[in-house]
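In order of appearance the chains are A, B, C, D, E and F, and numbering begins at 1 in each one.
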Amino acid sequence: MADPLMLWISALLVVVMWAAALSALLLKSHLAAVVSTSLLSLGLSLLFVLLRAPDVALTEGVVGAGLSSLILALALIRLGLVGGSPREREVLSETVGDKPVTERGSQQ
Amino acid sequence: MGVVGDLFLLFGALFCALGALGLVRMPDVYNRIQAGTKAVTLGLLSLLVGVAFHQPAWIPKLLVIALFVLLTNPVGSTTLARAFLRSGIEPWKRGDKR
Amino acid sequence: MSTEWLPLVVALPLLVAFLLQPLAHWLGVRAERPSPVLYGLSLMTIAATLWITLQLGSDVIAQPLSVTMGGFNTPVGINLYLDGLAYLLLLATQLALLLLWPAGAAVRTHVLLLVLAASSMGLALSGDLFNLYVFYELLAVATFGLIAASPGRAAPLVSFRYLLLSGMGSVLALSGIALIYSHSGSLNLADLSMLAASGEGSLPIAAFLLILVGFGVKAELFAVNSWVPEVYSVTSSRFAALLAGVVSKLAVVMIVRILLLLFPQPEATDPLLLLGILGLVSGELAAWRSNDFRRMLAYSSIGQLGMIFIAFSLSLELGLFAGLALSFHHMVVKPGLFLLLQQPLSRWRVVLLILFALSLVGVPPLPGFWAKLALLTGLVEVGGWLNGVAAVTFLVATVVEAGYLFRIVQRYYQEERPIAGSTSSTVAAVESPWGWEGGVALMLGGVLLAVTLTINPVTEQLQQIALQSGDRERLISTITVSEVE
Amino acid sequence: MTLAIILYTGAIGLLVIGLAGVVMSSHLFRMLLGLVIAEAGANLLLILAGYRWGGAAPIWQAGQFPTTMVDPVPQAMVLTAIVIGVGVQALAIALLIRHRHYSGTLQRTGGLNQLQADLDREAGVRHTRSSDAPTLNPLTEVEHVH
Amino acid sequence: MELALLDMLGIFAVGTVILSLLVGEHVRGGQQLSLLYLLQLVIVSFMVSSSESTQFSSALTLELQGVTMSWRLDGLGLYFALITVATALFVSVYMVGAWGAHYRKQGGSLPLLHFALSLNVLTMLLLLASGDLLSLFIGWELASWSAFLLMALAGGTALKSALRYLVYAMAGAMMVFGAIAILVVEAGSFQFAAVNSALVQLEAETSLLLLLLVVAGFGVKMGLLPFHLWQASAYAETPGPGAAFLGAISSRLGLFAILLVLFKVAGGGWLNQSLAGVSSQTLLAWVAVATIIFPTFTAMRQNDARELLAWHGIGQGGYMLLGIAMMDPLGAAGGLLHVFNHATYQAALFLAVSAVIYRTGSSDLNHLGGLVVRMPLTFVTMLVGIIGLAGLPPTNGFVSKWLVYRSLLEQGEVLLFVGAVVGTLGTILSVYKLIHNSFLGSLRLEHQPIREVPWTMWLPMLLLSLIILLSGIFPGVPLQWVSAALLSIGLPVPEFNLGGVVAEGGSLDMRIISGVLFAGFAMAALIFYGMGGRSRRVNPLDNYAGGHFLYAANRYHYSNNFYAGLMHLIKPWYRGLFQRIEQAVVRLLAVAAGLVQGIYLQAQAGRMALVVTVLLLWWGSYVGQGGGGL
Amino acid sequence: MSREHRSMAWTPLLFSGGLAFMLFSLFMAVPFGEPLMRVGGMIQQTDGELGAANLVTAVVLGYRALDTLGELAILFAASTSVGLILTGVKQRTVSVECEELGELFEQASTLLLPLLIMVGFYIITHGHLTPGGGFQGGVIIAVALFLPTLAGRGAALLNHRLIQQVEGGAGALFILLGVAALLQGESFLQPWLPVGEIGALFSAGTLPLLYLAVGIKVGAELAALLTHLSTNVPSPEVPR
């Protein structure tokens, strides 16, 4: 019933989405994880187009792939999770200035 | 008209494909960015032109899209490149491992 | 007043919530300072919804009413359904909010509380599955914010853990809704209830189970209730009272509504019974073992909710009545306990505490006894081994409950003795004024006693409501009547 | 049929991967990502519930609504769900930021141990005994000459 | 609504409760309360002595939840009510004067104590007057909780004991609650008659099990054997007069309820039924004997006078149940009569110990002694009391025990008889310890200056002693009440006269026995004084032990580690079996609680949710194959 | 407190697999691609009574407008909560220094801002005709408003006070449009302006107005939310 093109595209998208989901959970780098979720949303958005849901696709694209990733990325910065190299961390800690308060916490 | 439009479309698709190829082939991140930006920008624009030939009524919207692409693609790639540079990734020199 | 005005109960608090922050700017109110004006405005809003409810709801027990939103007929549009149960819940929510509204709160807290109010009322009223989900999420989000805003370093993590659990629940509930929708093509409760006869297989039960687990998070259902002890011990006693007293009941009643209307098959009640037993056991035992009073009350709340689930699983008129009675009883008692435990215990406060504790344990002739009696006789009457297990568990749990609740008295002696060392007159001098919390607790104690004295009419009324809310035909006819209009 | 299997596999897979991520991650941020993934899966499930073979998008085309179109209601529901999801996500991140500000860690267990300690301290509980022994036990504390 | 006599009683009881809060603050205010108790006693006595009616109904009926609740007092209830109100009267008089002032000075709340006492009386009367299962259960719960109030008053260790009591009492109440729920659902009504017919219709074994459950539940309150651990400490820690009240009558309510359900509701025949080959009568009798023996010997080991008495209270309950379990005229009468007798001497003893505490500040049997020279009236009370407790003539304790023994022998229950006698031996030994260690021997230095207690305290004690003796000599008076009680629950009534019981195998006439006894005393006195004997005062220091003269610094009073040899002998029997069982249950519960708490303390809460969801879904797919709605 | 056993770490995987299997077997029992469309079919048969060319919009703003109100409130509550939670967390602005991002980025953001806002409004105002609507457009507007913040010049444009007023006003507009129907004796949230011709820009009665309110509100809210997450702009109520 379904035309084979749709079949193959959706299979591809599903594989991509699975991979994105798994890598979002398994990759060491938090930044990569966020990018993976973005990719997942993008795939989902395309799938929505395929499923004749343009409204939802647009929303998923804008909200899921765009806004949500933006929020997550901002969170990465504020949580100090971004940056693998020492240099990057140094820059970030200069910029963000969000030092954990463990010392104070352990005193109380 | 239709033929010209088709030609533009083909041209655009070709450049997009080339851009994609560049992503794979290029040796380092800066080169890949450049391939992904330059070729794809051109490809996209020609795709837009091709569409414009097919659907003249859409021209205003297409113009806006073109403007958007022109604005964001270079800026985005530049910013990315700067970010990479700042985070300490050295540009590739001939003879380096890929 | 036309019944069409009913949605204002939801819309009005939202409207005020939207406008509160701009208003604060206009008034030049600082966010962190208490503002009598905004406090008054919020209270007036709730009072207005109370007024609307009272205007509309005087005879809903005789004739429930359904209001369609946007003038669309029911299966297509959303409808609000006001029957006796919803009416009581509305009143309880509004009164609880009026009584427990924190006076010295920041502007944003007022806003979130208003949202909380709107969503609670929406939950009580809504007659549409997905709309219930939306209001449930709204309630959740407002709750997270309010929890996280409470003082203490633990609050954000507690709120986050609650959020994750609730999010998991939402995902499951959403897939349950998807299952129902793909199975029936409709979302309206009355409509689904009409369709309820035409399904088969494990699909409806599975859908119900998913929804049960999803919406059970707020109802403190077993296995999705690990947020309870943490949350209740970080929030202010007023908010804990609100959550334990009203919000959990709203979620329970929502689940029960869905159960009664959509899943009449007997298999659907068994998991409720099972989870109720587990909740009862785990809650009461953990309460017995817990080492501070806030968490003890929290665990005890889990146990009580388990009891309520057991009652509702009977799904008879009797079970429904017992469940409602237990719910409303818990709604009065648990806030009282939370409010009183916050303060140093003086002699009269401890008397009040003991009153609440006695009722919770089920000492006649306090209302708790009648509710428990109804539950026990219901369990025995329905029979079956699982119900037998439930009955035994219930009895043992009551013993455990008595065992830990009265440690509060111990605390009183611990607190009082050093003071009262010399003469008894110092005790009277130390007796601090009641304060607002104490006053509310006193009021709740008064309610408890009043119900004790008027137990007959109260239970009669409750029985009628139980009868009504278990009446599927009536729901369908009420909603189709409004379809014609 | 194949398409159905593929799509449902995708949707349910996402949902379950997400839930497993929430349950098994040892880092709070990854738990949140797991929730986001699970929500995506649930949304896809809802959309699938409204898909129709050969249906068109429910939009006025050529002077009329398509005769076979996909169900618009689940689409509206998913719209709502997506927006709800992003709101919850933002809130969660704010909570994480606040939590890290207080405790300096985003690890699951470390935070939890600290949480219990915090709760105990706020409740005024001192751990003098082993935590395995029930404290304040009304039955065992009464000693008798027997 | 016309006020019936019972309503008057109720109004007075309620009035006492209210008044206790108003006037309790003043030490003298208790007098009004005593007056009210007296009024109640008058009413109850009137009802007891009334010949025209055996049952007094209350005009008040409550229709609650479709259940008609009614109250009425019949013979059984009247008998217990009489004891209750009378004890309350004595106790309240004791509390009024010096003791009350003393208590208040110690930091206790006198109004609260008065309130608790009067509340106990009220709730007990409610229980005694219950006319259906619902009012029975309500009365039961109320009485239990007001007893808790009385026990918890002192705080500290008393509160711990009270909490322990609470757990036991709730466990018992819940057993009863469960059984009642089943019965009521079967019968469709709370009325005794309906329940009775439902019991008949049920399977015999089910009925019996239910009844035994009820007996066990009510038995908790009277300290039947596996459930006795709570009682001693809880009663002992209660403020003096309160302990007297509780020890005298409160725990007997369990017996009352058992009698009511077993005989009045169920019809009595059930005891002859057997369950798994054991006749329930035998079962009950052996439980009763165990309840006699174990606590009695435990009592012997106590070094605190109040604990000792409280442990005896448990043991004496065994005699009552044992007698009634025999279900013959003598046994039943003996068992029931023992309730009255025990109440009298237990109250007297507790009051006496309380008087000792009032003066010396201690009830530690290792640190008392020789008080007889300072507190002779208290000594007399205690002497009479322990004679009663030991069951020796001419006190009333002898009568009831004699009846029970006779019944046992007549029924041929030799083993039970031996058990009971062993219990009595233990009683005699331990009460001797009580009086010896506190009143005999040499007076301690620090106790030199004390005096006899004021009259408000010794008057009730002496009156109680008088009652013990009089009702011992003329047991016909209480037997009259007992027979009315037996009649009302359908048990056989022995033939009796003023002096005792007339039975085929041999009658008992206490008048003769006492006459002989007193004649003997008189003769002894005659001989003693006739022979010119005079008591000679000896300086307590004029004494030596082991070749050493004793000085003021180390007075010799062999109270410490009393009965060391006997204790050594029976030690293997006392390894705290029940305590260990209790602890094991608590541990088990604690482990279970720890496990379930672990669920809530998990680092990853969602794990449990996931597991439960999957299990539920699996179950759903399993169940759902059968088809269903939606 | 928390005891985690390494050996039990894999059990959730097992149960996840179980859940997947259960859900899969459940959903495969439902016929795919042939929805019952009980409600959907009814909506299709109304044949555009609301005048919206996009039926999803008709559902979102007409038939299920209460859901949308709830959804708005959720976003609102979330952004309010974020504000409540994050005030007082000391932090300098996140945005990287201008020179670090480059002149190009700064200039581009200035240029993009009007473009994006225009696109956003376009999507909002055509919500009843084409895919898209208030939420999508609102998000775009929010991101547009956030761009300058990213470029390091946020405070000028993102006036909190203004944003809050706009947000509150838009939310109030949504509700008041519903109440207006009530005042005319109809139901709450009933569309009441003339429907017009399907497919025209000015059609579908109050739906575009509602979407406009939604869009503005979402845009303002999300912009405020993003700013809260990115910086710690001292809340305007408390000049510090």
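The rule we apply is simple: a contact is a pair of C-beta atoms (placed from the backbone, for glycine too) under 8 Å apart; a residue touches a chain by one contact, two chains touch by 3 or more.
Please read all numbers here as calculations on a predicted model, not as lab measurements.
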| item | value |
| --- | --- |
| Contact-graph separation of chain A and chain D, given in steps at minimum | 1 |
| Taking each chain's C-alpha mean as its centre, the one farthest from chain E | B |
| Comparison of D-E and B-F by number of C-beta pairs in contact, larger one | D-E |
| Middle chain, criterion being Cα centroid separation | C |
| Centre-to-centre distance between chain E and chain C (centres being mean Cα positions), rounded to whole Å | 44 |
| Centroid spacing, where centroids are CA-atom means, of chain E and chain F in whole angstrom | 73 |
| Centroid spacing, where centroids are CA-atom means, of chain B and chain C in whole angstrom | 57 |
| Approximate Å spacing (C-alpha centroids) for the pair chain D, chain F | 20 |
| For chain D, residues that touch 2 or more chains besides their own | 3, 7, 9, 13, 15, 17-20, 22-24, 43, 45, 48-53, 57, 59, 69-71, 73, 75, 77, 79-80, 83-84, 86-88, 90-91, 93-98, 101-103, 109, 112, 114, 116, 134, 138-139 |
| For chain E, residues that touch 2 or more chains besides their own | 160, 163, 166-167, 590, 593-594, 601-604, 606-607, 610-611, 613, 617, 621 |
| Junction residues of chain B, two or more chains touched | 86 |
| List of chain D residues in touch with chain E within their complex | 19-20, 22-24, 108-109, 112, 116, 132-134, 137-142, 144-146 |
| Chain C to chain F touching residues, read off their complex | 2, 4-5, 7-8, 10-11, 14-15, 17-25, 29-32, 67-72, 75-78, 106-109, 111-112, 115, 118-119, 122, 126, 128, 130-131, 134-135, 137-138, 141-142, 144-146, 148-149, 156, 175, 179, 182-188, 191, 201-203, 206 |
| Chain D residues touching chain A - in the complex, by the definition given at the top | 2-3, 6-7, 9-10, 13-14, 17-18, 20-21, 25, 29-30, 33-34, 36-37, 40, 43-44, 47-48, 50-57, 59, 69-70, 75, 78-79, 82-83, 85-86, 89-90, 93, 96-97, 100-106, 114 |
| Residue ranges of chain A touching chain F (in the complex, touch as defined) | 1, 53-59, 62-63, 66-67, 70-71, 74-75, 77-78, 95-98 |
| Residue ranges of chain F touching chain A (in the complex, touch as defined) | 33, 54, 56-57, 89, 91-92, 94, 96-97, 123, 131-133, 135-136, 139-140, 142-143, 146, 222, 225-226, 229-230 |
